[in-house]
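To keep things clear, I will list the structure first and then write my remarks on it.
The letters A, B, C, D and E name the chains in turn, as written, and every chain counts its residues from 1.
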């Protein structure tokens, strides 16, 4: 396969609104699950760029590999995960770029949390139940600033809690004494302890109800503005992403099928899957539009067919879709800031007119 | 608070049950200490002695079981466990006094050592899962399955009879009189080494296996991954985050396994001629020495109960979730 | 069809862990007021949505209606007759008419039983042979096929012998629905039937339910925390907060022109791609509606939302408001709509953003 | 010296370690309490001494005066006059007097629990220099029981409230040793320098307790203990071979034997012919070799009397008549009695197959092994036997006293004459109906002649009458076969001559060799340091 | 169906089952395939292994191989009976406690906790030593009667979590009777736990019985491997250098115990997928130079097909 060329080109050309330099560049990352002879290729040469100060939304339905991407980029994937190729370039505060996948253990350990922090999907279970949250925050700080005295670190921890709207006397609490929303905030506070360049948030709010979700998201966005870090925000709730993200990457079956500015994705989805995804959410306001949904079931990653993985569910599938894997590239319309992996848009030979839902 | 109360109630109930079982088992079943004594002596005691023995042990009177039960409680509450038949007329409490510290000392130390070593090895194996370290598992299963007495006897045959490195029996040099001297303590350690070694060898495997499994489970918990993500040193993650949590179920099964441990000691004491409560119990059983039997069983059960309580407390200390949570 | 009046459920505190948070109490006399005086009405061929945030008592309402837990107070009426669930016979007769679908299709099917077992059990429990005996043989087989077809699992033969783990989430939920349908119920209680499903297949389930409502004229109680899907799917919507009804009305107006401050908060908090500036949300937020739901062990006196309500006055904090009919078919439990002198000033509906 | 028990240096002054397999001890130095550490380990007998020292290896020998200068019996053995030895002092310096003797005996009379010899005391009187004890019945056969009584000091025991339960923590005796130290594992006694019999050669003796036979065996074979007694399977290889020059085992046969009790009132043993036949096919030598590793001396005399201990009592009629395996003879005897064979199976005159069951408590290995061999022997006659190991308590409580068996192995008392042994097996005085508990004669043997002879023997006024009674007893025993004698129950001990010599042995059978008995004092006084020769 | 197949894919389980199968065969066929009658004394006293006696003879010339073969039955029967009885009681108590909840649960849990705390071996010795005839079966029942508590505890915890599961609620909402909920909905989900508890009890029972036989509490005339060791020990096998009398029986016990442990290990792995070891692929991992590690995902750049 040779998606490398296109994606590389695509990623560089994909200049964001701020046109800031990239802080995190994932290139052709491939991940397998299983150490045996027949591993599941979950991620296949995925590339992604995150620019300074940007919120990049990663959307896609359950099991498409969103979390895998996040974990693999930081080499936190548990066994039997295996990174089989690719690079993850991270620019740290000093401006040095390094490939996370090539770092030694010690270097990687140093880079973690200081340059790239991550808030996990199961934030409820991300806190060690047997330690006070103070210790858990302080541990992270002290590991990177060994010279810092524990009192100082404690000060800092209190400050962090206040940052996320929790009173500092909660430092002495154990996780089980906090409500879900508070735990989530603690996690975020902890992730921000060292003012990392990149914050990866893997479905940080799915377990919470909407009110709480909004509160937390707004806090994060506010902090981002204050502290200037970049965020990779993972969720399957596209309508949420459209609201919070600057840019959205839509994933399907271990591949990125479309990336574009959030507004553009919402207003003019180009990939049939993106369109289907958006058509699955009933809108709360505005006219009651017809919901289309996506027929069929998500693919089984362990038994891949050739061709576009979405083809079996795609209402516009063509013959070529069943035989050839589309690569991420510009649309035929030549829109800036948008890459799509779909034959409908990239095949030059495509003579048929685009379906109206994809060509708004 | 209610947690504590419930535990206390539970322990009280268990103690009562143990004491009652203890009373009934020897009585409801046939056999009698005098015939057992005659049997054991196989003719070395004059057959005419039987009657005098019955008079001596007070077995010539008839009282109802209920009356006996009440008497038993009455005496027990006064700390009186009665007089032993075989060691007549030594009070059972004296015998228990004399043997319990040895068992508690040796078994306690050995069990704690086994627990610590086993948990450490298990931590390591669980952490290094999927590497050569997995090769140690079959060895562990083998040691877990070997009957204790067999291991003990072979150890004696090899290490003390053939190689002569260790004494094969006794708790300290028979020429010494217990005292707080270096010589005596040294002798106790020297004599205790082999029994302790075998106890450790045969029980360590269980801890290894349990800990390893818990480590495997715990190390895929999110908070361990978070610890990694925080960039903590590997050792800190392994011991501070993974092992710290993996050991919790171990602690509670540690408490429960104490019963098994004491059972094991009985055999250890037999094999190594070690003076201790287990062997005393066995002796009492084979001689139908009710008072002694009851005393030993009671003391064993109560010490297991106490140990359980300690382990319970330790668990509560280690796991904040069990403590009452008033916000 | 099915109605509840003053439905109340108090759990003994300390007996149950909810959401990882132990509900602990110092004395056993304390109760969790999970549901407090809820009134509901379900009508044939209609969907009633119950929305509310986590812990507001939605599932408890469903389980009370399904007869799975004893009612503390109030009553349930089926076709106008008070429901008594004493004894198995009465219970079975009741569940034949009122069936429940659980939130989690991964948990509500026993992993050790194939589809066939799950469905035939339900059929044998609730249907009789044409001759009168328990359903068996060809008739059973036919009923099975028909059932699977009803939930659009065709060809049926492909699914009957599968185990739950061999099915996708959507398929499992369909099996769960099929099981509920086996009794030919008149009422379906759907407790968050889509929240555990993938976005792309949620719609399929909702459409299926809508289809059942239309074809079979079943009354459906649709429980969700996603207010947008209530708008899409339900005819009427009831908003629950801390075990009490805050507002009720037809779905469109409840979502577009919420009356109760809590409903407004809920609506404003829902992600809304069309409102990128977040104007509505900001408006609510600026008035400071942060904070957490109240403790259900000792709920605040007065309106339960009062501690978080930007408009709350002393009345709200001391007296519990009744549901007040604001416009025909719409009611809100808020003093702001009363005619009292000292009523708080709740601004008129901000209206749906367009 | 260290844990080796001081066996390395030759010469005097070495500690002698006695090993006993009796488990952990509790501190009790009472010479009365059955389970006391003093009795269990045996050091009681280095502190307390008997009246007379009899040679248990040769019961017919005259007893040697010990604490008594003499014991004189009257005609019908109902009265004994004891003359205490002069010049004996208690270890606390007090003088040993006739009062002490009288007190010691009175103690047994007063406290039933202390009267373990079950002597029927009548009166105990002293005139200051002698003590006269009378009995309610003739005690000819029980003389030795009086001799064996150990003496305790009146000035100490008189103040003891309850001598049955007193633990006697500071033992004072007349013996050659005094208690030095005591631990649950070991007791140490040291030699007195004012002992009436001179200063013992062994300055210090340590009595070590091991938990079981195996531990003791290990201790004996490694030399950690130098004197003890335990059953050592294959003792030649396991024990002696470790140091053939010094390690010895001596089994002193007394008058006690093990007997296969036959139920004389049920089939097939109600028939004398079958009893005789079975007796004829049992190979005593094999039994001893296989079941006891050759430890127990085999019985040779047809009278069942263990030789040479019983030589004196052997009826001239049977002198030299030895037990021998005679399968042919046995079969012939059965045939004469009307038995037939169906194939290999023996059929009795009633036409029934001859089968029987051999029972003994499970775990009594030597007995069970012997039963196995007896089963095989019975098979040679065509009789089908099965071995049934039973629960020990049941055996004691029901099977044995109630006679609920066909054949079972049991011991007999020893005693100073064969009377105990024969009475235990065949005394009609002990007869009880089947099902009623009997104290002896478990086989329900009834023969008036024998019963009378046994009674006569015990009460006979002179040796001639006794000899006559004994001849009758033995004749009935040989002819009627009330039970089948199996082997001698010897008093066995292992000892090492590394440091001390002068032990009882086959060559010098001055007493039985065990450390736990009144003979211990005699043995210890007989020891001399080795290597001085 | 697939669950069962999964079971057999596990190497440990297969090894364990193979060993178990072998011993079971011995147990069933023992008396017919043993070369001698184990009680048959012969002239070959305490002879080392030879062509006539593969594992030598004991002090009365009985064939040790035959004793081991015949003894297998005693060991397995006790294990089985104890395992079955303890499991049955454990399931009954545990599932009931877990399902009924409330006071019933409290008292049943207290009962099983009590049995857990009271030391088992001394209790067994106490009881076994007193019974009129403590044959193998009696011992098995005693072990069963005292050894169910652990299983009950595990079972209760599992039932408790299952009871709260939606599928049980759903079945109840469907109108199923309570006994059906227990038998058809809850119990099948406990299979693995029950199996593992059963195997655990069997292991314990075998070791206990062997120990009891060894110390002579149970009739030594009933052949099992513990009895062999009893005779060996009482006749100083080790001191006499008769290793063939001591080692094989001990090894058989250890092997049986190991087999049972392996099976249990396998069951554990099936119950807890996280344990499903990477060890399966240890060799291929080593070849590829991968060290599976938590927290540091291995990176391999291999030529991909």
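The working rule: contacts are C-beta pairs under 8 Å (C-beta built on N, C-alpha and C of every residue); 3 or more make two chains touch, one makes a residue touch a chain.
In this text the structure is predicted, and so the values were computed from the model without any measurement.
Counting only chains that touch, the fewest steps needed to get from subunit A to subunit E is 1. The greatest centre-to-centre gap from subunit A, using C-alpha centroids, is found for D.
Here the spacing of subunit B and subunit E, counted between their Cα centres, is 22 Å. Between subunit A and subunit D the centroid-to-centroid distance comes to 93 Å (mean Cα coordinates, whole Å).
Averaged Cα coordinates give subunit B a centre that lies 55 Å from the centre of subunit C.
Multi-chain contact residues of subunit D (touching two or more other chains) are listed as 218, 393-394.
In subunit A, 35, 71, 76, 78-79, 105, 108, 176 are the positions where the chain touches two or more neighbouring chains simultaneously. Multi-chain contact residues of subunit C, defined as those touching 2 or more other chains: 22. Those residues of subunit B whose C-beta lies close enough to touch subunit E in the complex are 10, 13-14, 17-18, 21, 25-26, 29-31, 127, 129-132, 134, 137-138, 141-142, 144-150, 153-154, 156-157, 161, 209, 213, 216-217, 219-220, 224-225, 227-228, 234, 237, 242, 256, 258-260, 262-264, 266-267, 270, 278, 281-282, 285-286, 293, 296-297, 300-301, 304-305, 308.
Note for the complex: subunit E touches subunit A at residues 278, 280-281, 284-285, 290, 292-302, 304. Touching subunit E in their complex are the following residues of subunit A: 30, 35-37, 71-72, 75-85, 101-102, 105, 108. Note for the complex: subunit A touches subunit B at residues 35, 71, 74, 76, 78-79, 105, 108-114, 117-118, 120, 122, 125-130, 132, 139-140, 143-144, 174, 176-177, 187, 190.
Note for the complex: subunit E touches subunit B at residues 110, 113-114, 116-123, 125-127, 129-132, 150, 203, 207, 210-211, 214-215, 217, 226, 229, 233, 238-239, 246, 250, 253-258, 260-262, 265, 268, 272, 274-275, 277-279, 281-282, 285-286, 291-292, 294-296.
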